[in-house]
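Below, chain A partners chain B and then partners chain C, in two separate complexes.
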Partner chain A sequence: MYELIAFYLFSALIIGLFLVTVMSKNILYAMTSLAAGMVLISGFFFTLGADFLGVVQLIVYVGAIMALYSFAMMFFDATKDIKEKNTSSALVFLLGGMSALVLVLIFVGLNQANLAHPDAITALYPMTEGVGNAQDVGMVLFTKYLVPFEVAAVMLLVAMIAGIILAGKKMDDSLTEDLGADEEIMIVKDKK
Partner chain B sequence: MIGLSHYLIVSAIIFSIGLVGVLRRRNLLMLFFATEVMLNAVNIAFAAISHYYNDLTGQMFAFFIIAIAASEVAVGLGILIVLYKKHGSLDLDDLASMRG
Partner chain C sequence: METTLAQHIVTDLPQVTALGIIIKAIIILAVISAIAGFGTYIERKVLAFMQRRLGPMHVGPFGLLQIAADGIKLFTKEDIIPQNANKFIFMIAPIITAATAFIALSSVPVFPDFTIPEFIPLLGGVFVPSIASDLNIGILFVLGMMAAGLYGPLLAGMSQANKWGIIGAARTAVQFLSYEVVTGLSILAPIMLVGSLSFVDFNNYQQEGVLSWMIWQQPVAFVLFLIAGFAETNRTPFDLLEHEAEVVSGYATEYSGMRWGMFFIGEYANMITISIIASIVFLGGYDSASMFGWLTIMLKIAFFFFLMLWVRAAWPHVRPDQLMWLCWKVLMPLALVNILITAIVMMV
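Then we have the complex of A and B:
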């Protein structure tokens, strides 16, 4: 019963908030509704029994990524509305609606096929009984997925260095302008 | 009773919302937001499948998707800041410099 209420409440709120994210003209509205939607998605994870995933979603998405976005807001004009020429909306909504319909039909069909053969899919790494989700995830992550885990760590390090170099180097003057050109302009000015 | 297909259908709807955002937005920051929406929709599907098949693989994939999203945001925002310094706007139509 509670699962039913939680599912319908969360899904309605998430769809509404993400529609605001996609449709809004204001960056701040879009960002706050995206953050709220991500919090509610972590609620989905908790009801699905993926406790550790829910906590990671809260910390990484709502904590780190949203903080990064709001930090980047400092560089852009976040308060004024965005003026953009949207591509023909009717076509886009038609395409989006069609893809949603196709995906829903695929999943309904999969469900029917699944009901016909319930034992066709077996778990690769089944959850152990009587063990908490975090412990279970740790045991699989550090044995079966150790190499991808380390590669992901290296990837995050590379991304961090790239972010620092792109955003943080010489914050006071332009990174992309040719420095030699600046000096030439200065020389020309001096001659005048 | 809530089954697997309920969660998958919600995930499909959210993914389509993100797809509409990617298709109709012209601002690069808003495109990033729409990408995050799509990644989150896929995470819901993975967590639901992991729950209903009693399998941890789905949760593992969701973790790696979160890691990829974090690094994408770090690099992407750096590029956006450089672009904004250079052009003064994040609109894709202003940034189109390879028009034939």
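Then we have the complex of A and C:
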């Protein structure tokens, strides 16, 4: 009963918040509702008993959207509405609607297939009795999904090296010290 | 082994009811808010003595009633909202800070558990647990919730249409992205040793006297966590967000009255949370066997609270670029080396 209430409450809130993200013209409203929606998604994990994944969702998205905010801060005036350049809203509407329809159909189809054979639904990697959530995730991650896990790690490493190379050319120059000002002072001293 | 011990302790305790948790939540809210008010007095007094001043003296004995005077002023002051600000975001930003600070407190052990005596009508016999919500991944939840609390200063700074506010918000993002890595990595080494994310397991791991405390096994992690904790609670030397001498008041420039007070309560609640985590993870926590276990952890928490004031009196604050240099070039490599050495020692 509680799970049902929690599920519908979280669902309604998340859909509402993400609608604000898409519809709003104000960058602050869009970013804030995106962050709040991502945080609320962790509520689903908690109601399902996957505490560890819920907390990971929380930590990862809080940090990730914080980085997005800093970009918003650099490029927009947060207190004003943004003029959106929308060339063909009919096409966007059509494509968005089509993909939503396809997604719904996929899940309806899966659901129908499952309803026909309810016994066929089994967990591929069932929970191990007596160990915590984090251990369970670790077991699956380091056995079955080891290769994707390592590939993801390599991808992050590549991104990090690329970032360092892109930003690192002027790493030795300080951005905060005004070198020009120092030289001016030197010149003044020399004249004396 | 530790988990079975924890389960054993949990099954021995009386049933935790919804009523007990509600009572616990009210106790946390009331007591921590009161401590936040009292903390301002302590802070001013401690700073005054360290700087050879007297501090608040005139209102009441030793200036104790200054808390009441400040409280009345905060509650009755006009709540000003700037004309060009994004009003909705401006209004909810302080609530985010205060709410996340108290949500983080919901899964750390605050005060010992007790049963309300039978003679009290309605509530008699209700068991009030020590932890309001005993998650078995408590540490991660608390750190994640405290990280979410930084949205308060960020949104406040961006919504108020004030240049100082924007600088404060930018500094919030910089500070968050810098210290968050260090917090996680520094606490990872103790987690590896204990093999659990639950505060109860951490406490049970360190029950064999002072020498079994985690601080002796993980001194580097302890120092790193404390430094990151100072950054997390915006304490000096990392109070870049609202440093008066540079950015007027940073994200809090346009706030007044109770909305400003909520930022303050959130900051003090976060200080207490960091003190509790440091006491349990590194300094042995509460001794569940002895009668005065709750007293020892109170003393430890009080020590960390005092340490924060002490550091504020003793150290100047750092520049943003110094903070980034410190976090990314010094603390993060140290934390990684610490984890590597811990892992090698555990493997051998």
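By definition in this document, the second predicted complex is superposed on the first by the 120 of 192 C-alpha atoms of A that agree within 3 Å, B and C clash if a C-alpha of one lies under 4 Å from a C-alpha of the other, contacts with A are read in each partner's own complex, and residues count from 1 in each chain.
Just so we're on the same page, a residue touches a chain if its C-beta (ideal position, glycine included) is under 8 Å from a C-beta of that chain, and two chains touch if they have at least 3 such contacts.
Here the structure is a predicted model, which means the values were calculated and not measured.
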Task: Could you tell me if A:113 is touching chain B, chain C, both of them or neither one (first, second, both, neither)?
output: neither
- request: Considering only the touch criterion stated at the top, classify A:28 as touching first (chain B), second (chain C), both, or neither.
  value: second
Message: I want to verify the contact counts: of chain B and chain C, which reaches more residues of chain A?
response: B
Message: Quick check on the superposed pair: does A:69 touch chain B, chain C, both, or neither? Answer first, second, both or neither.
response: both
Task: Check whether A:9 is in contact with chain B, with chain C, with both or with neither, and answer first, second, both or neither.
output: neither
Message: So in the superposed three-chain picture, is A:146 touching just chain B, just chain C, both, or none of them (first/second/both/neither)?
response: neither
Message: For A:39 in the superposed arrangement: first (chain B), second (chain C), both or neither?
response: second
Intersection of the chain A residues that touch chain B with those that touch chain C: 52, 56, 69, 174-176
- prompt: What does chain A use to touch chain C in their complex?
  reply: 26, 28-29, 32, 35, 39, 51-52, 55-56, 58-59, 62-63, 66-67, 69-70, 73, 78-79, 132-134, 174-176
Message: Give the list of chain A residues in touch with chain B in this complex.
response: 3-4, 7, 11, 14-15, 18-19, 21-22, 27, 30-31, 34, 37-38, 41, 44-45, 48-50, 52-53, 56-57, 60-61, 64-65, 68-69, 72, 75-76, 82, 84-87, 89, 92-93, 95-97, 99-100, 103-104, 107-108, 110-111, 114, 121, 123-127, 136-137, 140-141, 144-145, 148, 152, 155-156, 158-160, 162-167, 174-177
Message: Could you list, by residue number, the parts of chain B that touch chain A in their complex?
response: 1-10, 12-21, 23-27, 29-30, 32-34, 36-37, 40, 43-44, 47-48, 50-51, 53-57, 59-60, 62-64, 66-75, 77-82, 84-86, 90-91, 93
Message: Applying the document's contact rule, which stretches of chain C touch chain A when the two form their complex?
response: 3, 84-86, 88-89, 135-137, 140-141, 143-145, 147-148, 150-151, 154-155, 158-159, 161, 166, 169-170, 173-174, 176-177, 180, 184, 196-197, 319, 321
